[in-house]
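I've put the structures underneath this note.
The following pair of complexes shares a single chain, chain A, combined with chain B in the former and chain C in the latter.
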Partner chain A sequence: MKTRLERREHLSGLLFVAPLIVVLILVAGWPLARTLYFSLTDAYLDDSANHVLVGFDNFVEVAGDPVWWRAVRNTAIFTAISVAIETVLGLAIALLVHGAIPGRGLVRAAILVPWAMPVVVSTKIWEWMLNDQFGVVNRAIVGLGLADHGVAWVANGSLLLGVVIFIDVWMTTPFMVLLILAGLQILPEEIFEAAEVDGIPWWKRLWSITLPLLAPTIGVAVLFRVLDALRMFDLAYVLAGANVNAMTMSIYARDRLINNQELGIGSAASTMVFLLIAFVAIFIVGALRLDRSGATER
Partner chain B sequence: MSTRIKRRSAAYYRGMRRVRRVALGCVTALVLFYVLFPYYWAIVSSTKQGAELYNSVLLPALDFRHYKELFRDANFATSIFNSLCVAISTTALSLGLGTLAAYALGRLNFPERRSLLLTVLMISIFPQVVVLSGMFELIRWFGLYNRVWSLVFAYLIFTLPFTTWVLTSFIREFPRELEEAAIMDGCSHWRILTSILLPLMGPALVSTGLLAFILAWNEFLFALTFTLTEGSRTVPVAIGLLAGNSRYEYPFGPIMAASVTVTLPLIVLVLFFQRKIVAGLTAGAVKG
Partner chain C sequence: MASVALRSVSKSFGHVPVITDVNLEIADGELVVFVGPSGCGKSTLLRLIAGLVPVGVGDVVIDDEVVTDIPASKRGIAFVFQSYALYPHMTIARNIGFALETLGLSRQEIDAKVAEVAATLKIDHLLSRRPRELSGGQRQRVAIGRALVRQPEVFLFDEPLSNLDSDLRMEMRMEIAKLHANLAATMIYVTHDQVEAMTLADRIVVLNKGCIEQIGTPQQLYHAPQNRFVAGFIGSPRMNFMSVSANSSGAECRVQGPGNLSLDVTLSGPGSPAEIGIRPEALSITTQGQGKVTGTLERLEDLGHEHLAYVRIAPDVAWSVRLPNALGKISTGTSVGLDWRLEDLFLFGKDGRRLDHSLSHERSAAANGGRV
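Now for the complex of A and B:
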């Protein structure tokens, strides 16, 4: 039997979350349902009311499109490499800032600058710096005698994905640093002092104490970054538009949907993006859980 | 074991410490350079004119013509105004709704709580492109296409789950004793929230609000898709679509001036509220 107090709490709980639920149904639930529905139709964007159901034809069409698979490959490469570099670099900078170094507060403040910049702005700045003729990066390379002429970073298709990864690393490493730094600050200080007194070298302390203790924090940070990287749109779009060399899954879906006006096919591609990301999310969350339960058993 | 450690003079250890300090200092300088140089270079480039832009003098030329042109440009002013309207409205709405929900999710006991929290978390990792078609249709139904308000509506999909999640973890940290007396006196939950918790939530609201503001200010995909004409563009779209008359005269000077201008307020805000921002970011992630 529920007491009156419990019933009252239940009711007011529902009342307090009601606005949230209504808004989320409106901005997330309903659009998602419509996207799933449109993915089964032959609708066009200019006249979306006029359509018939075509079953899974759109999915077959997308799956048969080599450009889609190119986009999937680009996104996978981009995600794997950029998140890996960001994690290692973020960990290194976080350990540096965590230690007693001169100018620690300055670094901590400066690290927020790339993070706060709009993605479009960071991309434009790097595009200018990497400009093949007048960019400061090529000037430096030629000036230092590393090459006799500049590299066509952005214009060269085969380098484009590398440039996208490079810019993304610059933009999002700060996020990694902040999360890992927060994780470092809640670790018990005594363990490190004891290890240092025992004369254990720093790399061994890092490998056998810091990293295992930090693993949950790093896991969560990697999860966030992977899911974010898999849906990446703005950076590659501003840099290269719908150029296949840097096209991500999101760019492919939007290109079919808006530029080609193919509401049905675009929705099918979006649905596939959604399923892929959901699958990766479940996989990573499962891996983290497994890891955590394994750690407590030991 | 300890017998194997060689004894060395104090001068040796002092020397080692000095080497370590210098090495760490170099690495720190390198990190600072990596993080700050691009923005510095944007400032330098934005004050150069014509051919000056193409030399690599590292100091700014302090010629502010690009900025004067930028502020005389009605479209740019409009896009800044649009961005401000969208970001402020979105932030206010998601803070309000988020606080209400966070109180229930953080303090009240009801059976749907866990699944609701999970849903909120799941929506916050939604790839935006997935709702694009459905949102497009909805926005056209509401007659909001090419209006700035369409973005306030659309942005709630990522700002609202974010504020709800972060504020919930903030509210959980307040000691329960605060409200116990009020509960004993039969105070309503509405009054507990507004007269006891809300006055204490200032810092939490500031850090969450700033992060939501930055998210909304920087958004690109929805802004690009749901607006068409220059009069309804936000700043990121305006900068993203700023292009020269031909491929060969790309207006890097004006683009850099615009970039510096729209980033400066963000950087000032972020540096000023540095601790609060970091607290908000980590409250959402580490404990989650």
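Now for the complex of A and C:
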């Protein structure tokens, strides 16, 4: 039995979240529902009112398209490699900056610059630097005698995904550094002093104390980055357009939707991207037990 | 086992001096307590000895070896933190044995040592738990166990009991005293709790603003404080003070102050008293007109085992009186007299140094043995 006070608190709680729920339904629920609906139709973008329900035909078509699977593969490779590198690099830099090195305030500010730049801008900068004829990177390589002629970084299809990963690492490692640094700074200092007095060598301190205590933070950071990477669009699109060598799932969906005007198939692809990301998110959250860590770890 | 010495040690954080020219010799097997108000540098001094904070100027010597530039792990010390600083993700057994893992001992040897230490501290039933499942007192035992297992030459305790409630604090205090008696190890113990200091210490070091005010046995500090700071810091409730004026002719001196105070004392050294001090337990309440000063009884507190009375002597002077028995029929607001034996009187010069008078030798005698 609920008391009247409990019911009243319950009601006022609902009242407080109501505006948020309305906004969420408007900006997320409605578009999502529309996309789901269109994914079951044969609609075209230029005349979306004129359509019939076709069941799961669109999903079957996308699943049968080798270009879709290429995009899935690209996205998976991109996500796995870039997040792995960003995590290791982010951890290393965070540990370095966390230590009392001279001028670390400046270093911290400088590290944030790539993260603060718009993706399009940094991608264009790198595209120019990696230009096969006029790029400063090739100039340096040839100038140092490392190669006779420049490398076609962006034009070469087999290198393209590597370049995308490289630029993403350059751009988003600061984000990792920042998150991990925040995690490092809330670890109690006395634990490390205790280890210092106990004569624990630095590698054992890192492996047996820092990393286990930092695991929840790293987990959250990886979760953020994986979800972000799985829906990556801007970087690859600015660099390579719909080039199949660097096509991500999001670019595939956009390609079908805008270029081919296939609203139904584009929606089906978008829905698949959404479901895939949702599954990965649920899996990671489950693996990290993020939802319960508050209750069991503290 | 080892002795510890500090030679002209100074330390600043930025431009803020924290420790100023500290010299200290601690004998092998001695238990020395650092006390002082918060911010006096006592914890910093302990960290300097541990090697957790680098020394600015001067030398730290452990077992006749200068260790100023030797890392904490090689100084043969163990440090017990106020926050316990247990590794939260490790079991109690691993917490205690963690330091041994890098010494190349076998699993069995480590387990044996951990079990032995755990048995000593009566925490053997907790070994498979994690720190968060333990109470504060149990965590403190684990922290001490972690220090014990390494068999250090010197134990350093940084306010180890201040996070415990008063019952546990008393229990752990006895525990540490017992430990010191059994191990005969050198221990340095930082606290702001003077009961801990008085009961545990072989010698107490009183610190104030980064300087040593006095080093001595608990009895010396209580009965023969060298200055006003030590006199006011040791003892609870604290010593009563009053500014006075003095007319001296030679060693004879007439001291006058609020509450109709007029005393004749014979100084046994140079200097002129600017302040007098009397401990609350040395005062007795008499009827008005008798006693050495008069004041108004402001408040009475019945603590069960003792009674505290507050007597206002002047607008800015209120003295506390500690009485073993209830005061009887005197009600608050009445005028009373305060009396004391002349040998219980402390005199302080303008610079805060204590001045000897003809009867203070009796106190010195008390400090170096039983009360006369």
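To be clear about the criterion, the second predicted complex is superposed on the first by the 271 of 298 C-alpha atoms of A that agree within 3 Å, B and C clash if a C-alpha of one lies under 4 Å from a C-alpha of the other, contacts with A are read in each partner's own complex, and residues count from 1 in each chain.
Rule of thumb we're sticking to: contacts are C-beta pairs under 8 Å (C-beta built on N, C-alpha and C of every residue); 3 or more make two chains touch, one makes a residue touch a chain.
Everything numeric in this text was worked out from a predicted model, so none of it was measured.
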Report for A:Val54: first if it touches chain B alone, second if chain C alone, otherwise both or neither. neither
Look at A:Val197 in the shared chain and tell me whether it touches chain B only, chain C only, both, or neither; answer first, second, both or neither. second
So in the superposed three-chain picture, is A:Phe274 touching just chain B, just chain C, both, or none of them (first/second/both/neither)? first
For A:Leu112, using the defined touch cut-off, is the partner it touches chain B, chain C, both, or neither? Pick first, second, both or neither. first
Classify the contacts of A:Ser208 with the two partner chains as first (chain B alone), second (chain C alone), both, or neither. second
So in the superposed three-chain picture, is A:Pro188 touching just chain B, just chain C, both, or none of them (first/second/both/neither)? second
Which chain, chain B or chain C, ends up touching more residues of chain A in the combined arrangement? B
Give me the intersection of chain A's contacts with chain B and its contacts with chain C, in residue numbers. 199
Listed in rising order, chain A residues that touch chain B in their complex are 6, 9-10, 12-17, 19-21, 23-24, 26-28, 30-35, 38, 45, 48, 93, 96, 99, 101-103, 106-122, 124-126, 128-129, 131, 133-134, 136, 139-140, 143, 170, 174-175, 178-179, 182-183, 186, 199, 217, 220-221, 224, 227, 230-231, 233-234, 237-238, 249-250, 253-254, 257-258, 263, 266-267, 270-271, 273-274, 277, 281
Of chain A, residues touching chain C in the complex: 188, 190-191, 193-201, 204, 208-209, 212-213, 298
In the complex with chain A, residue positions of chain B that touch it: 1-2, 5, 21, 24-25, 27-28, 31-32, 34-36, 38-39, 41-42, 45, 53-54, 56, 97-98, 100-101, 103-105, 108-113, 116, 119-120, 123, 125-138, 153-154, 156-157, 160-161, 164, 188-189, 193, 214, 217-218, 220-221, 224-225, 235-237, 239-240, 252, 255-256, 259, 262-263, 266-267, 269-271, 274, 277-278, 281-282, 285-286, 288
Note: in the complex, chain C contacts chain A through residues 50-52, 71-74, 77-79, 81, 83, 85-90, 98-99, 101-102, 132, 146, 150
